[in-house]
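What follows is a single structure, written as structure tokens, with notes after it.
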Amino acid sequence: MIIEGKKTVWSQYQKNIAGDHYFYIRSCIRQNLFPGSETAFMRIMQQELGKDIFEDANHTTCTGIGYHTDIVPIETTMTVVARLFALMTERGYENMITSCITSFGVLSEILETWKEFPETEARTRDFLKKATGREFKVPKDMAHASDIIYKFRKEIGEKGIRKLINAKTGEKLRVVEHIGCHYSKMFPQKGVGGAEFPYVLIGMIEDWGGEVVDYPERRHCCGFGFRQYFIKANRGFSIACSKKKFESMKPFKPDFIITNCPGCNYFLDRWQYVISEMEGKTYGEDQNGIPVLTYEEVAGLVLGYDPWDLGMQMHQVGVEPLLDKMGVEFDPAKKFLGKNGNSLGVPEKPNVLNFCC
Amino acid sequence: MNQDWGYGINKDRQIDFDRNDRRLAEYIRKYVPSYKLCISCGACTATCSTANLTDFYNIRRLNIFLMRGEIDEIAKHIDKCMFCGKCELVCPRGVNTRQVILIMKEGIKKIKQNEQL
Amino acid sequence: MNSFDIFVLPFAIGLYTLLIVFFAKVFDWIKHLPVGDRRKIGRGIRSRKLFGVVKEIFLESLIHRRIFKVNPLLGYMHMSLAFGWFLLIVLGAAESKIYGRDLLNTPWDPIFFKYFKHDTNEFHSAFFNFTMDFLLLFVLSGVFLAYLKRIYARLFGLKKTTKHIFFDRLAIISLWLIFPLRLLAESLTSGIYHNGGFLTDGLGSFLAGFMPVGHLEYTAWWLYSLSVGAFFVALPYSRYMHIPTEILLIAMRRFGIKTTTTFTNFSQIEVYSCPRCGICIDKCQMTSALGNEKPASVYFLNTIRAQKVKPGLSFDCMICGRCEQYCPVGISLMNHRLVQRNKLISNGYNFQFLKNGIPEKARIAYYAGCMTHLTPSIEKAMIKILEKAGTDFVFIDKDGGACCGRPMMLSGNFEGAEKLIEFNRNNILKSCADILVTSCAICYKVFKSNYDLPLKVLHHSEFILELVKSGKININKSGLRAVYHDPCELGRGSKVYEEPRELLSHALELVSTGYDRENALCCGGSLGNIMLGYEEKNKINAAVWKEMMVNDPEMLVTACPLCKKTFNKNAPVPVRDIAEIIADAVQISPVKPNHQLAPEQIAG
Amino acid sequence: MKKHVFIIGGGVAGAEAASQLVKMGFDVTLAEKETQIGGKLNQWDRLFPSKRKAAEVLDFINKNLVDSKARVLFNTEISKISKQNGGYKIYAGIEECTADAILISTGYDVFNARIKEEYGYGIYENVITSVDLEEMFRNGNKIFNSNKEEPKRIGFVHCVGSRDEKVGNHYCSQVCCVTAVKQAMEVKEILPRAEVYCFYMDLRMFGLQFEDLYRESQEKWGVNFIRGRVSEAAENIDGTILIKVEDTLAGRPLKMKVDLLVLMVGFVPSAGTTEIGKMLNLDLTPENFLKPADEHLDTSSTNLKGVFIAGTCKSPKTIADTFADARAATLKIKEFLEGSEK
């Protein structure tokens, strides 16, 4: 690997990311799957970085899931997204950030479509006006939440209390990054680092002291792909995609996987469990599996947040071995206790995959 | 472990070239030198009596599968050959297709029985 | 008469060894013959067929009639050795019987008669002395020719002689020595006792003039005995096993036993009957055109006998039948090749995709065949002729169909071929035709030999000839000079030689080649040979073209689409199928096209 | 007085035209930005289809040029060209010359393989271009991968930067297919045990002996051909390259590990060609090569009177075609200059 070559590519794909005053759009599924991550993001933005970030209680889905499963027509999607822009405009914001990669993709696609076919924008304005009486301005700056963390990665690193290293040996942690397909595969110029060698997560890992390993199936989709998962008969295809990635990264012995997409994070995590149940096969050391973390969780760990506050108990692949390795102190007894101290209930023990506590 | 999930892990359609068993192709390349000359023009399949009567049989593609080591694909179809030899007559590169098929049939039998080629 | 000396032992041991080994083999062969074959022997022995057996044994094993047909000199050589020796044995036995004391004299009595019996002064001894010497001379002439053949094979019409294995060499060396040594021994004895005829006594007296014949005599008889003994010991392991085995073969064949799709003990007897004369080597185009002797049948049978059959040799044969045509023993060489192929290959097949359609019904079923579909001009010509003649026909494989099964059979896959035959047979029968016509010699061969059809099967040349003869079509004759190439499957395969020639003679002038009828060459396009590459086939074809052009024809006509396609590649003159010739030469017919003829009107 | 022709670019076309024009009795000045004659031909080891050494051809043009005594300016780039008295004034390096006619033979550049990001040229050590491989041949036929080991399997990717609208080159570069076949055979010559795979979309063996070369590569050298454009390359842990391609003839995707991946880079107009084109405001083809006055009837003139073009600044060409084209241009120049005398 010639790192200089990669740097050349990275330098060719740099985008403008707004520095403050963000209007935040949450992810539909992420609030259920990894709710701690978005909370952590707000906390980092507001408390650590002191940024102005606003989320509107009235905001809705972008329709991404419906759109990509061919249930919601593009006109509807455009109108719903236009409403999100209207909420932003009404609140006096110009910079929109999304928590979800697919939202980022849908919004990018719509903005690009409006640029190429202005009549579609005019029609959307008309629809929105008729339906809700609202009007909107297109965002001045549109970014994914990971772009923002990327932008402030150095600040986070400086504020952080620990690095992505093995606390005992001092070795850098080996990290595999996985970028959601909708981040830059549609519009390479809209992603940091482009489509072939995206840099957004690599930048974070490098600045926080870890080592990124590139592996042959890095570009491959996690297998979520909306249609694949939502139809049960197609799930075999979805899981095969994830498996292909695990097989490919196996020889590189990664300590964890970092993702910036709700679906990827979920499927790379849960499919490890399903593969272990179906085939008795696990990845990572000692049947522990390879933990799959969101970039907010990683940032939170760097900043010294409590893993259970970050919602890391929601992972199917246990994070405890990784936390031990990093020297993060945590109370195993509190893993499945809610904020109010009541038990959340303890999940059933998997047959093959290790389950801590 | 034996739980019914309602789905399994799909088998990859991708030809995994490095894992496939390409012994038979190597064997045929050695003993039927003309085999190397195939340019996949498909004249053989176009004239093939079997190909015209079935949906799946395709001698050109079987040749490709052979080169890639997709033995199971060949095993599924090779016995459909009627050996009439039209493919050999139309081949622009003079490939001895009947010999290739004969060796393929033998080779697959041997591979399935774990015998030496 | 004292008739024992220690030197008879090599002979005696040799003879007994031979007899034990041979009869043990025969016992084993007969014991493990298929039951049906054994019954045939049982019935045959008690029938008049036995006379035929004796006649054929006399003609073939002794006189070597078939070899005479190939080359008279070669025939004479074989006859002098076989028949001459036979007579020597018969007369020698008679002679020793006359002088013998007991009813059962020892087997070496006749062999070493002269050594033990010196006073042969009776009236009949003059006859015996003369005759035995004459016969010895007769045999020696054969031995002399055998020497000559090794040096100058071309004199015998042979380009190549067989390369022999160890036991063959041992046997041939001892055989070559037997008669010169007998001459020497008898001459030396006669030099002392003057008990020989014109030859031995003459030579004996001459030798006695300057040699110590008394001292040499004993040694000569020893050597003679040794050579005969060595020959007998080597015989069962050498090609000379054919001498006793062939007798068995002739008998069994006369009793109706045939080779089948499996290798039986009768096949084994055929293998042992091969004299390795090497006639097949010259007839094989793999030798003549490609310079590759290895695939010749003689060597192939060697590998069967040695149980070392390799795929290479089995599949490297065009199954053209030229070797079989000229084999003096009449071994079913093509069948042997296919049976071995059958043993070598996996015989898999999967023809579930073949679905019987419902063909139209007609009096005549026309089956073009795969190869004809690749030569549409033949197909077109046939349709034109069929329509011109106003026949009621159905084109069974108009949209392509299943292969006839012959190529599958040639590859040795009899089971697969059987399936194809079954499928096509059903289709043909469903058409309710009375006559099946095909344009492909390959299909014709299998239709005739393996389909067992309850209807008349005609090759298109036969069929068109009948149309011409019955006046259904009239053809114009031109002055074009053409050669006719006999396709292997039609000619040697199905014995159709004259019909195409007769038909062609209505349309053009036929020119002969050195390779007509039974002697026709294979075009090289053979479906039988699976080893030959495109370039080698081309090479064979180019050699055939050379022979075809000796009398300067203006065209080559053949009756098989594969031959046509093969010849087309190197063609110095146009190549056409017999059907095309007739289609072009056909006169505007007075018969109305819609008038349908009964098949008996068309085809007698 | 002798008419003066100024030639820009001393590659095969420029050098050959220079010596021919001198023979015709013209004054010739040849400007070359490098220090030697021959242009891109200097990067070649052997030429298709006969595998003759490129040096032989270079010697031929060098000798002819030296014999012709044409004036050659090395290390010289053109900064400005202006019209003057029916001719042109050329500012070449530190010199200013006048010329009655200009011949542009500024040639081609190879496609920058880095643009095709998914192949990772410049990122994966074992991904090289056909030019790099040719250099290995020139440097004594040593082929190594990044671990200094002899590669066991080598892949050739055809059409890198050709027939690819995503990188802006929709045209076929003509010579890469046959070059790939030539190089594949040379690799087999050097590494007889290596497996060689060519990944192609179509094999465009347009030259008379090119098909024979293709056949030889299969028959004698056992080079394998897989129809399909490689979609991406990635690096395995051991530094080998994993490629993904659809085996379109099998109708199935395929992945394969190679020890060395060679990208057959196509032709693009050279920087010099683009620059001179802009300087003189010459018409361009849709592919941005210099456009001849007539595609069939006058392939040497341009939209500017007295400015001629030859060689690969017009389109991708073989060496043989470049020679023919250069000679054709000289005749056109002669016709122009002698016509203007009358």
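Letters A, B, C and D name the chains as they come in the text, with residue numbers starting at 1 for each one.
Keep this in mind: a residue touches a chain if its C-beta (ideal position, glycine included) is under 8 Å from a C-beta of that chain, and two chains touch if they have at least 3 such contacts.
Small disclaimer: the values here were computed from a predicted structure and weren't measured.
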item	value
Chain whose mean Cα position lies farthest from subunit D	C
Chain centre separation in whole Å, for subunit C relative to subunit A (CA means)	84
Chain centre separation (subunit C, subunit D; CA means) in Å	67
Subunit A-subunit D separation of Cα centroids, rounded to whole Å	46
Between subunit C and subunit B, distance of the C-alpha-averaged centres to the nearest whole Å	39
Residue numbers of subunit D (touch at least two other chains)	none
Touching two or more other chains - residue numbers and ranges from subunit C	none
Where subunit B touches two or more other chains, by residue	33
Set of all touching chain pairs, with the criterion as stated earlier	A-B, A-D, B-C, B-D
Subunit A-touching residues of subunit B, taken from the complex the two chains share	1, 3, 5-12
For the subunit B and subunit D complex, residues of the former touching the latter	13-18, 29, 33, 36-37, 39-40, 60-61, 64-65, 67-68, 70, 93
Footprint of subunit B on subunit D - complex, ascending	215, 218-219, 222, 224-225, 227, 244, 247, 249-257
Touch list for subunit A against partner subunit B, complex	232-237, 239-240, 243-244, 274-275, 277-280, 351-352
In the complex, subunit B residues that touch subunit C	33-34, 47, 49-50, 52-54, 57, 78-80, 82-86, 88-91, 94-96, 98-99, 102, 105-106, 109
